[in-house]
Structures are given as structure tokens and as C-alpha cells.
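Shared between the two complexes below is subunit A, which pairs with subunit B and subunit C, respectively.
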Partner chain A sequence: MAAAVPARASRTRLRSLLGAQPIGYLFAAPFVLFLVGIYAYPFFYAIYMSFFDYFFSAPGAEVVRPFVGLANYARVLQDPLFHLAIRNVVIFLVINVPLTVAISMVLATALNAAIPLRTFFRAAYYIPYITASVAAVGIWLWLFSGFGLVDKILGPLAPNPSFLINGLWAMPIIALYVTWKGLGFYILVYLAALQTIPKELYEASKVDGASPVSSFFAVTVPGLRPATLLVVITAVITGANFFTEPYLLTGGGGPDNQSVSPVFLIYRFGIEQNHPGYAAAIGLLLAIGVLIVSGINRFVLERD
Partner chain B sequence: MFRSRHVFLAAVVGLSLGIAACGSSNLAATGSAKGAIKIWYSNNAEEVKWGDAVVAAWNQSHASEQVTAEQIPAGKSSEEVIGAAITAGTTPCLIFNTAPAAVSQFQKQGGLVNLSKFSDGSSFIEGRTGDRAGQYKSPDGSYYQMPWKGNPVMIFYNKDIFTKAGLDPANPALKTYDEFLSTAQTLVTKGGAKAAIWPAPSSEFYQPWFDFYPLFIAQSKGKQLVEKGVPQFNNADGLAVANFWKQLYAKNLAPKEAAQGDAFASGQSAMAIVGPWAIAVYGGKVKWGVAPVPTKDGMDAAAVHTFSDEKSIGMYSSCKSQGTAWDFLKFAVSKESDGKLLDLTGQMPMRSDLASNYSSYFSAHPEYKLFADQAARSVEVPNVPNSVEMWQDFRSAYSKSVIFGSQSIDEAFKGAADQIKTLVKS
Partner chain C sequence: MASATTEMTVARARPVETPGPPEQQKKRSVPWLRLIALFIGALVFVFPFYYMVVSALQRNPNPNISGAFPNPASLSLDNFVAINSSINLVRTLLNSGFFTGGVLLGTLVFGGLAGYALAQLHFRGRQALFYTLILLLVLPFQLLMIPLYVLIARNFGLGDTLLGMILPFAINPTAVFIFRQFFMQLPSEMFEAARIDGASELKILTRVVAPLTRPAILTAMLITFIGPWNEFLWPFLITKRLELEPLAVALANYISTVAQRAANPYGTILAGAVVLAVPVVILFLFFQRQFVESSIGSGVKG
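Our next item is the complex of A and B:
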């Protein structure tokens, strides 16, 4: 009986430490480790690097990486290339996000109705999403380059210089490309959300004499609001991180850096030039910006 | 209870971070250690064949110092792959594809072995390469790379397009800028080519090596972009070259957007700036001719300098058996191995005695003779700190002023020269 008391006390201490179901930690451990190793550790390490004149070095090499405080952030904020990249993100989001929401919502509604070849269209819209970016970019190059199909069709109406080397057109083309490529995913999100809108609401609006268009705006759009919040936030986060398009479609952020993006700059400074401290500062400023925009979106879209 | 659970979680996270932070540390090996080594070589078919043959020959007589060869892992560029491998400590002993422009960066990373520390290091390199070896010395006066093989660039042209345009393919007028521009105009107007010449107009730091830099070297009679810390391009020679290219872009004789596929092989472009590797690649597809790069007022072919497009061999600090690596390196650049390289790839070993050593090869392959002559007058990228950043700054100024014309060349080059002056000193 005397021995049972310390044993019970020890169990109580263990329970207070681990909770009522300690095995839960075991189940959660793989994901926690994944999260820590792949996201948390690099994230905090990036914050650390951003305060140093950091560069990657060989293991065991004796190198000097002086602490520079906020100097990297100050330099980034004064860098005209970063200003250009942020301007490009804004142009991109202004075109991409509304188009993504509008087109995918309309197409999802159409594909939810009993139309002929519905399965074919659902697959057709999804194919660009799962196609490798390099292949999809190849098609757009064939369409929009100076010797491309669109220029040929437009003839004298084609812009000069042509789309991809035109400072005015390069970013809109990139935004259109990303909208087209991602549409399949967002249509899928809206299709799933459409199943949650009670059919009675449509019947009631019909009884009240609403046309299909009125019913779309009065029932579908409000019913899809939670999905729209998800679509907007996802589109903003993925959109603000665009990289493949300036890298492949416009020859490295061309013309003359007019389509350069923050992530492209991270690649250039961090990987090509081995200035990861400076690149990390760009990354963190971008993350803060995306967080603010997403917060505003959430605030606006979640309001009743 | 809530707090203690948080403490426990923090401990788990901390432990994980600790584990993740624990990298293996590579202690520098001594320069005389012997044993098995691994090397990487380029992944083009001709060099793979050469690499396999040289490794097999070495392994036959070195049972205790076997060499394992692998193709360099795929990546956007070899420099990025090597840079990542240095950081991870996974570089092999030798890489037969080290770009001179990346050497200062690899050296700063602590990734390269100083070859001059071997008792015969500097003398071996200088004995083989001659005066040109000096271009490969690092600012500290040591060699961190063995100059291996060059691809001196020249103007390659499509004889069929020249004939179609009514131009003499045996004697093309490409010596002066005026001649070149006039020929280029005729090729596009009458030859049916989309472009007279189509260098990549994209923003990568290394693109100047295949448009501005060879012509600048020729025009300046062999100057590097930067010499003794002073940019050399912001003067009459640099501006003349830039204005020449600007005219090609302005007249749409050189497109401002990237070609889809190989523009020269597909006949979209009548000319290209390439090294001798092109003979093997285009030989069967295009009826080709070759000419030195142009200069403003024309120059005797025997006096024209050009860009070397050289690749070096680097020994990496993760190497445990550096004695074997040094011995194998010397074996791989011996007269016999270099002869095999020339024979299999057509690329020019960085030897001062190239023409005399392999005279029978050049007699049998006269098409390579022009490139071999040019190799003796090839110039490298400067070996300076922040080399990649320097080239990127130059490319940005060039794109802005020459390709897209949104700034005057004088202004852009002055800005780039000021930036570069600071960069190469830091």
C-alpha cells in the first residue's frame, strides 16, 4: 500500500505532463516532425539568416558571417528591383484573383447543371492544372511569342513589341496564364461547395419568380461565400509566390525586369549569387505582405 | 498542467531542431592522402565517352586508388548543383565541369582545394597552359582550378541561307560591323531566315559570354571585362560593341525574345556564336562555315581574340584522398588524355602546345584548325570576388540599354561600371 502511493503520484505527474491520452503524441509525431523539419526549421533559420551577411559554405569551413542587424531589410526596401517585383505582384493579384473567382464560380455552376458532355468538360478544365508547367508554358510561348499564333491572327493589331517582350503586356499575360492553369482546382472547390447549398433555396427563388441569373446572384453567390474565402486566400498566397512564369515564359523576368517577381529575386540572390541573408529578408517581407492581404480578405469576406 | 505540456512540446521541437541542425562536418584532408575517389563529369555523350575511357585506363593500373565516375547531377546549371553539393558536403573529389566564373564563389564557400599547395601544383598548371594560365589565378595568387578545355567562340554560319540570299558562302562579308550589319540584313530580307543571329536575349548572368563579351574581347584586343579591379567596358570599345548589337536588335535582325528550340539547327537563324563543339552537333544537319567574330573596322583573322568558354577542373574540399585526386587530375590532362579529349569531343585542351602536339589530328580534321588557332588567343572571364553578381549587373544594364533600349547605353554602362567597381573590391 505504501509503495502504491509513489507509483500513483508518478502516474499523476506523467499524466499532468502528457495529458489523458499520451498515445496521441505518438500519432501526431510524424506530422509534427514533418512540419518542424520542412517548414518550421527553415522558416526560423531564414529569420536568423536575414540578420546576417550570410552565405552557404562547406561543412567545417571556417567562414565569417557578420551580424548586420536590419541592414538586409533596409537594403531590400530601398532596392528598385524589389519595388518592381512588388508592383508586379500587385498587377498580378489585381488581374488573377477576381478572374479566378469569377470564372471558376461561373464554370462550376455550369458544370454542376445537367449539361451535355459534363464529364468531358470537367476533365478538360482540370487538365491544365495537372499538366507540368514547362509543357504548359511551351504552349503559351507558341501562342504569344512574336512569331506565335496570336500575333499572326491579330496581324497589324498585335502589340509592338509582341506580348511577352512588351512591358505593358508581360504581367497581364502571366496573370492570365496562371488563371487558366489553376482554374481546374478552383472549379473543383466550387463544385464541392455547390453541393452544400440546399436545393430548397433554388426552388423557393423559382417560386418567387427569379430568373436563373437572379437566382445565381441571390442564392449561389452568397451560398459559396465560405468557398470564395478559401479561393481568394489560396489564390493570393500561391499568386504572390509566382516564379515559374517569369522564369520560363518571359526569359527571366523580362523584358528588362518588367515581370520579375519576389520569389524570382529570392532565387537570383539566394541561389545564383549566394546571398541568402538578403534573399531571406525578401522572403520574410513577402510573407508579411501576404499575411496582411489575406487578413484583409478574411475580414472583408467574412463580414455578414 | 497546461504549462508543463507546453514545456514538453518545446523540448520535442528543440530536440528536432537540434537533430536537424547537426550536419556532418568534413575535416580537411591532407594533400597526400591516397585511396579511392569519386569524380563528376559533364553529361554530354562525347565527354561521357572520354571520361569512361580515361577512368578505365587509370583503374587498370591503380587497384588501390580506384576512381568512380558519375555524370554531374541534373540541375538548371552545373554551378547551382555544385554550390548545393558544397553546402551539403557531398561534392566528389574532382568535377570536370567547373565554370571559372563560379570559382570565386566556390572558394569563398570553402569548397575548393588550393591546387598551388601541391608541391608541383602551380608549375604543372603553368607548364601545361603557358601564359594563359595566369587568367585562372585567384586574387590571392593561387590556383583553385585547373584550366582544362576551351571552346573559343566564333561565328558559325549556314551556307545554304547565304547562298539563297545571294551571298558568297565561301567568303562571307562579316569582318567589320558595317559588313556584318549589311550581310545580316540581306540574310533576313532575301535568305528567308527569321533572324540573322539569335543569341539568347534572356536575363541570365552568363548570357553576355555569347553576345557582348566575345566581340568586346576582339574589339579591345584581348581585354577582360574587369582588369586590376577596374571595369574595362565603359569606353569607346565597349560602347562600339554595344551600339553594334543595339542596331541588330533595333532592325529586328536579332530577335528580342528567346528562340523555341535550337534556332541555328532549325534554320531560323543564319548565324550563331559557338565553339568547336558545334561541329559535332550541327555537322550532319547544317552546311556550315566559320568566321572570327567581327570588330568595328575589321581585323586580320590571326589577330582576333575571343572568349574562351573554358571549363576547368576543380578539386573539392570534401575529398579525403587528395593525393590520389591530384595524381588522377594530372593523368586526366596528360598529353594522351588531352589527345583523346580532342579526338572524341573536338574541344580544345588548354595547352600552350596544342597545334604542334596534335598536328596529325588537325591535318585529318582541318575544320577544327581555325578553332585551334583561335584557342591561342582566347580570353577568360575575370577571376574576381562576386563574379556572378558582377555579370548579373552587367547583363541588367545591357538588357535595358542594348536589347530593350529603355535607357541610353552611355548611362547604363556608366552605372554598371560604378556598381561593378565596388563589387569586385569587396
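Our next item is the complex of A and C:
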């Protein structure tokens, strides 16, 4: 009894210090460790690496990796391949973002009613999104191969050389592919957002004599603005991140580097050519770019 | 109710001779417009998958328009035999399975514990921890790819190991948010009652919480499953040995090496694509509702 009192007192003191259930630390510990090891530490490691002429070495080997300051950044910013990759991201976004927003908004609005086969449609739109990109790229390779179905249907209208080996068409096809693959997700985002638009707004516009089309532009489009912000920012992040498409669909950023992406360059420089410092600098510049573009989007779409 | 009133007002405003039909016609014509748009959409989304299966089943896929509608008698499984002799479907499927299974296990055990702690346990710094997690998760993978590769493959010597493949995906953060969301909905009185009865936190977790968790586990498993199963970039970087390649990586390597040599390699490529895509599509068709709800939840929370 005498021994139990100080024990209880110290437990109370511990509780007031750590909270009522300090076992929470133990339960959360593996996840915290994971996030530190897989996100936080590599992030600072990337910054560190980008200031060095870093290269891989055998574990335990003593090597000198000279500090180069901002030289990696300076070289990246002057690299014509990096310029090409950024141009490709711009082409990608110019095609992908408007198409994604317009088509998924229209299809979500069309889905948002008691219509036959609703579940079938929703499933159909979602299937490309959940399919492995390697498998989906396989289908597109076949559809757009020089002698494939798309060229056959277009006949004399098909470009020469064919889409995937044509410098003018390679990037637009990648943008179309990513749009096609991701739409199902964005349709669901819009479908969820449509439930938050008050029905009274539609009734009011109907009373005012608005046609379904004009009430779509007067009520639906502005009502979906927060969802559009999410869609645009997600699309920008996707646009900065694509790799599988130039690697597989256009055979390694081809033709003649016309479809290289920043991540493809990170792979090529960082891993194939053993310049991880240079690749880390590309990654950081890209992340800063995404942050700025997302900020601008937020500002533009959340104004007023 | 309000919409019925509006319709009545509109009907009354019309000439007396045509009280019903115009309204009915309008009602019928709108869904048609919707349905046509939806059908065109569905065609664009589903046709490539139909075409994938149909082409994979033709020994030499016919690239003409008629190839999309082949004679059923000419279909064969030859391409599946051919892809299997090139990339050993059983081994690569097993590797995909081990990779996915490891991620699922890590996510369910450690992600579940973390979600529970963040939702129902009171400890100092919980909120700060939660917001730090959200902040960390916006770091893009393209930025982390190179340092992760250096760390895991070079510094830890985990290149070409299953552990090295699993590690960056070991706990799916979206699943942690789903768990947290789920545990927050459980009434805290239930936990208080168990605590007053003298149950330890561990006992509460195993006897009270675990049996209630089934729906959250299902949702978390579904969204976690697709990630590693479909993942290409990371396992591609980390595996050099053929014996460890998951199906997505093996198929991609097959595409980038064989496609240049063969005249019409698409039959075998598409057979591999079918094998890779079908498990996820079947899972999706079975659990459509959970998929849809979880992706909306995770998407809107961003």
C-alpha cells in the first residue's frame, strides 16, 4: 500500500505530461518511423545530394564526392533536354487539364440522375483508372502502332510517320492517354461534389426559364469550383510525374527525345548514368515548379 | 416537392390545349441526351479493354477493323502460352503477389495501429503529429526516388530483395487516413466504458476494436492492393534479377526489348496485359461500391 501511492502519483504525473493513453506513441511509432525514413529523410538527403557531385559507390567504400554548390542547378537550367522536358510538361498540361475538366464535368453531370445502367457506366469509366499502366500502355501501343486500328480507321488522314514515332504527335498522344486513364477518378470527384450543390439553385434557374444547358453553366460549373481546384492541382502533379508513358509508349522519350519527361530524365541521369546529384537537382526544381503552379491555380480558382 | 410545384406552374402557364405532353416529352428527351453522351463515353473507355482481350485471343492479331470482331472459331490461347514461355507468368504473378501481400500486411498492422492511435488515443502531440504527417505526404515521389534508391539499394544493400521492393510502400498513408476516419466514427463512450471496466489498451484493441474493424479493413485492403500490384517504376529500379521481377516489370521489359524485334509482337504483349489487368478488374467489379466510396473519400480529402 505504501509503495503503491508513489507509483500512482508518478503515473499521474506521467499522464499529465504525455496524455491519458501514452501507449498511443507505441501504436503510432512504426508509421512515424516509416514517414521519417521514406519521406522526411530522403527529402533532406535529396537537397544535400543536389549540392554535390554525387555518385554511387559500393557500400562501405571511401570515396570523395566534391561539394559543387549550385553548379548542378545551373547546369540543369541550361540543359536543352531539361528545356524539352519542361516544354513537354506544358504541352501535356495544355491538352490534359482542359480535356479532363470538361469531359469529367459533363459525364459526371450526365451520370448524376436516375438513369438506366448507371452502375455500368460508372464502372466502365473507372476501369482504366485502376488498370496497371503497363497493361494499358500495351493496349495503346497496339491501337496506335503504325499498322494498328487507329491508323486503319483514319486511312489517308493518319500522320506519317505514325503517331508514336512522330515528333509532333508523341506528346499529344501521351497527354490523351493519361487523360483517358485518369478520367474515371475525376468523374467520381465531380460526382461527389455535385451532391453538395443545393437543389434549390437548379429549381430557381428553371423558374427563371433557363434551359438545362444554361443552368449547367450558371449553376453546375460555379458550384463545382472547389472540386475543379482539386482536379487541376491533381492533374498538374500527375503532369509533372509521368514516366511509364515516355518509357514504354514512345520507346524511351522518343522519337529523338521529343517526349522526354522530367522523371524520365531523373531516371536516365540519376540511375542509368550515375549522376544522382544532377537528378536530385531536377527533382527539386520540378517540385518547386509544381508548388508554384499549384499556388497560382489556387489563387486563380479561389479568387472572390 | 418543390420541383413538382415548379412543373405545375409551368404547365399552368401553357395554353390549355396541351397541358401534359410537352412536359412529358421534355422529360423523356433529356435522359436521351444524357444516355447518348454516357454511351459514347463508355465506348471510349471500355472498347480498348474489349479489343485487348479479343486481340490477345488471336494467334496473329488482325490490325484491320474486322480484327475487332473476329470469328469465334479462330480464337486460341496460343499467345498466353507464348508470353508464359517468355516471362514465366506463375513466377512473376507470385512475385507481384508477395510484393502486394507485404504491403497489405504492413498497412493493415502498422497502418491500422497508427489510425487507431490518431483517432481514439489521447497522447500529447497527437494533433501536431497528424498535421506533420499530412505535410510530409505532399512530398512528390519523383523527388524522393533518387535518394530512396541510393538509401535502399546502395546504403542498406537491399537492391534485388523483396524487402527493398516493399519498404517504400510498406504503410499506405491513404489507408491510415481511412482507418483514422473509421475509428473516429466509433463512439468514444464505448472506449471509456471498457477503460472503466479496467481493460488495458491492448485488450481494448484486440477485444473491442478489432471485431468492429472489418469494413475499414476491406476498404483499406482494396485501395492498398492496386498500388503495388500496378506499380512499375520502383520495382523496375530495384530489381535486376529476373527471379524477383513482378509481372508489371517483366511485361514492361518484354515490351521494351521484344517489341523492337518481332514483326507483330502485340498478341503476346496483350496476353500479358490481360493477365496483369484481370485480377484488379475482377476485384473492382466485386467490390465496386467500396472502391468508389474510398476513392471519393481519399480524393476529396486530397
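The rule is simple: the second predicted complex is superposed on the first by the 270 of 304 C-alpha atoms of A that agree within 3 Å, B and C clash if a C-alpha of one lies under 4 Å from a C-alpha of the other, contacts with A are read in each partner's own complex, and residues count from 1 in each chain.
The rule is simple: a residue touches a chain if its C-beta (ideal position, glycine included) is under 8 Å from a C-beta of that chain, and two chains touch if they have at least 3 such contacts.
The structure presented is a predicted model; accordingly, all values stated were derived computationally and were not measured.
Aligning the two structures on subunit A places subunit B and subunit C in clashing positions. Applying the stated contact rule after C-alpha superposition, one finds that A:57 touches each of subunit B and subunit C. In the superposed model, A:158 lies in contact with neither subunit B nor subunit C. Look at A:147: by the touch rule set out above, it reaches both subunit B and subunit C.
Once the two complexes are laid over each other on the shared chain, residue contacts for A:99 go to neither subunit B nor subunit C.
Set against each other, subunit B and subunit C differ in how many residues of subunit A they touch, and the higher count belongs to C.
When the shared chain is aligned, subunit B comes close enough to touch A:254, but subunit C does not. Within the superposed three-chain model, A:32 lies in touch with subunit B and with subunit C [touch as defined at top].
When both complexes are overlaid on chain A, the residue A:116 reaches subunit C alone and has no touch with subunit B.
When the two structures are aligned on the shared chain, A:268 is found in touch with subunit B, with no touch to subunit C. One listed stretch of subunit B collides with subunit C once both complexes sit on chain A; from 95-103, 131-139, 149-157 or 257-265, that stretch is 257-265. Note: residues 17-19, 25, 32, 40-41, 56-57, 59, 138, 141-142, 145, 147, 251-252, 271 of subunit A belong to the subunit B contact set and to the subunit C contact set alike, using the contact criterion stated above. Residues of subunit B that touch subunit A in their complex: 1, 4-5, 8, 12-13, 16-17, 20-21, 23-28, 79-80, 83, 86-89, 105, 108-111, 194, 200-205, 255-258, 260, 317-318, 386, 388-389, 392, 396, 399-400, 403-404, 406. By the touch criterion given at the top, residues 17-25, 27-28, 30-32, 34-35, 38-43, 45-46, 49, 54, 56-57, 59, 103, 106-107, 110-111, 113, 115-117, 119-128, 130-143, 145, 147-149, 152-153, 180, 183-185, 188-189, 191-193, 199-200, 203, 206-207, 212, 227, 230, 233-234, 237, 240-241, 243-244, 247-248, 251-252, 262-263, 266-267, 270-271, 276, 279-280, 283-284, 286-287, 290 of subunit A touch subunit C in their complex.
The touching residues of subunit C, counted against subunit A in their complex, run 2-3, 6, 9, 30-31, 34-35, 37-38, 41-42, 44-46, 48-49, 51-52, 55, 61, 63-65, 67-68, 110-111, 113-114, 116-118, 121-124, 126, 129, 133, 136-137, 139-151, 154-155, 157, 167-168, 170-171, 173, 176, 201-202, 205, 226, 229-230, 232-233, 237, 248-249, 251-252, 255-256, 259-260, 266, 269-270, 272-274, 276-277, 280-281, 284-285, 288, 291-292, 295-296, 299-300, 302. Residues of subunit A touching subunit B in their complex: 16-19, 25, 29, 32-33, 36-37, 40-41, 44, 55-63, 138, 141-142, 145-147, 161-162, 164-165, 167, 251-257, 268, 271-275.
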